[in-house]
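All chains are identified by letter, namely A, B, C and D, in their written order; residue positions are counted from 1 within each chain.
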Amino acid sequence: MAQLTLSKANTIIKAALAKGTEAGMRPLSVAVLDAGGHLKAFQKQDGASMLRFEIAFGKAFGGLTIGTGSRTVEKFAKDRPHFVEGLVAASGGRVIPVAGGVLIKNAKGEILGAVGITGDTSDNDEIAAIAGIEAAGFTADGGQS
Amino acid sequence: MAQLTLSKANTIIKAALAKGTEAGMRPLSVAVLDAGGHLKAFQKQDGASMLRFEIAFGKAFGGLTIGTGSRTVEKFAKDRPHFVEGLVAASGGRVIPVAGGVLIKNAKGEILGAVGITGDTSDNDEIAAIAGIEAAGFTADGGQS
Amino acid sequence: MAQLTLSKANTIIKAALAKGTEAGMRPLSVAVLDAGGHLKAFQKQDGASMLRFEIAFGKAFGGLTIGTGSRTVEKFAKDRPHFVEGLVAASGGRVIPVAGGVLIKNAKGEILGAVGITGDTSDNDEIAAIAGIEAAGFTADGGQS
Amino acid sequence: MAQLTLSKANTIIKAALAKGTEAGMRPLSVAVLDAGGHLKAFQKQDGASMLRFEIAFGKAFGGLTIGTGSRTVEKFAKDRPHFVEGLVAASGGRVIPVAGGVLIKNAKGEILGAVGITGDTSDNDEIAAIAGIEAAGFTADGGQS
């Protein structure tokens, strides 16, 4: 079964950045986390602003907290803000409840990790993340709104 | 290319405070941060209340997090409160999502740092910050509402 | 009775930096806190490294925590490290237990605030702080080793 | 003057990992930070343990706090543990006071950022960091012990 190796993580980032460039997106920051929520690889394009690592990481981490893409976390933040406020605090400030955090799944539907992207609109961030995950031969799950 | 030296930072603070006095504003607190979000200079006028440093710093820092004036961060806080709540937490409590944090840019549009002011209305705080930045020969970017 | 006004704080910083320049010290960072431990004014000379504000602030704050210059806090850190470790934690990480944090006192011996300096040796940092405080007409108390 | 672009950061990581492989080091984690202490790029080799990102980041960040390689921070931690304990707390737990955090300097001696590596002995971590920095055409400063 395919694993989330460093080689795969680098492929994800490379393909996500290529998607952003191709689509004319603003400078992107891309974080790849393993299934335990720990950083595997990260790249921040030139011109991206100061706290973009924390935002990219927080989208990916936020999705992993409840086993979904961060689009679902954002929906929860709108419908039940008290729940997500508690989640943000319980995580030690490591959750950004905004779309653009996409789960990396294998063919059996198991979660191998997550990708978080920030820099353009949340919708575009998510498109780039999905492009990266699929380029590496995995299945992407961005969550439901 | 002009840099954000201590001499320039002191000029910004002096001009911002002069603007406040001239316009009859309440006592102001003025923080100048470098592009990495680190404090370069600060002054708090007599009569300002207890946590004004943290507020002035947080406006400037908040703008730098996403590369905009803090008026934009305030707009995001209204439109997508869950995003900014996550950002506040991810920053370790160093973001105050309120207008009055203004980016310092050079002639090429590069971000050299930010000024955060608190004490009067947010609109007036921003006016004083812009006056300070322009007095030092830089370009001010307060963000969009 | 003399108060720690912004004008006085600026005088302290100016004189402390002049002392450093005259003595050939490395770039200094100077924080002036009021008696409640809140920042009144700060300046960081060009070339000073990243976290110098936090260090300068922490020296001044550390002295105020127990009503002495930070040289005494450093002595405590050597003699009773468990006490100062607790103090660092209790303060939320705002204590740097190292010489160079000097109390600002009036003629009656009342504490008006504190100055914290970092950049050169701790002994030189303290010399610059004392020079600044005395230039403003106050009495300096750097603590006992 | 050369800047710390993403392309340069990727070159640093690639060369550092190649050095580790060539020398038979254990799996390495490599963080590249900009001069403001913000993450630019990171890669963690397969088989590295859980909190390796935080350690690699903390070595690089720790050196930047006082403008030196982290070997100097480690020396301070041995000679004046109370100072470094305060620094760790003041940084919000972002300082790992251990060798293997190496400053990235340009030809003028200006600090452009830092590389932090963990995985093998601290001495070997530092060797890999220096190899990476030099491969990108910059000057490395690991600090003094």
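A few notes on this one:
Throughout what follows, contacts are C-beta pairs under 8 Å (C-beta built on N, C-alpha and C of every residue); 3 or more make two chains touch, one makes a residue touch a chain.
On a predicted model such as this, the values are computed, not experimentally measured, just so you know.
Two chain pairs are in question, C-D and B-C; the one with more C-beta pairs in contact is C-D.
Averaging C-alpha coordinates per chain places the centre of chain C 30 Å away from that of chain D. Measuring from the averaged C-alpha position of chain B to that of chain C gives a distance of 26 Å. Each of residues 35-38, 92 in chain D touches at least two other chains. Chain contacts in this assembly follow no simple pattern; the graph is neither a line, a ring, a star nor complete.
In this structure, the chains touch in the following pairs: A-B, A-D, B-C, B-D, C-D.
By the touch criterion given at the top, residues 34-38, 92 of chain B touch chain D in their complex. Contacts from chain D toward chain A in the complex involve residues 5-6, 9-10, 36, 38-46, 50-53.
Of all the residues in chain B, the ones that touch chain A in their complex are 35-37, 64-68, 80-83, 85-87, 89-92, 111.
On the chain C side of its complex with chain D, the touching residues are 48-52, 54-55, 58, 62, 74, 77-78, 81, 84-85, 88-89, 93-98.
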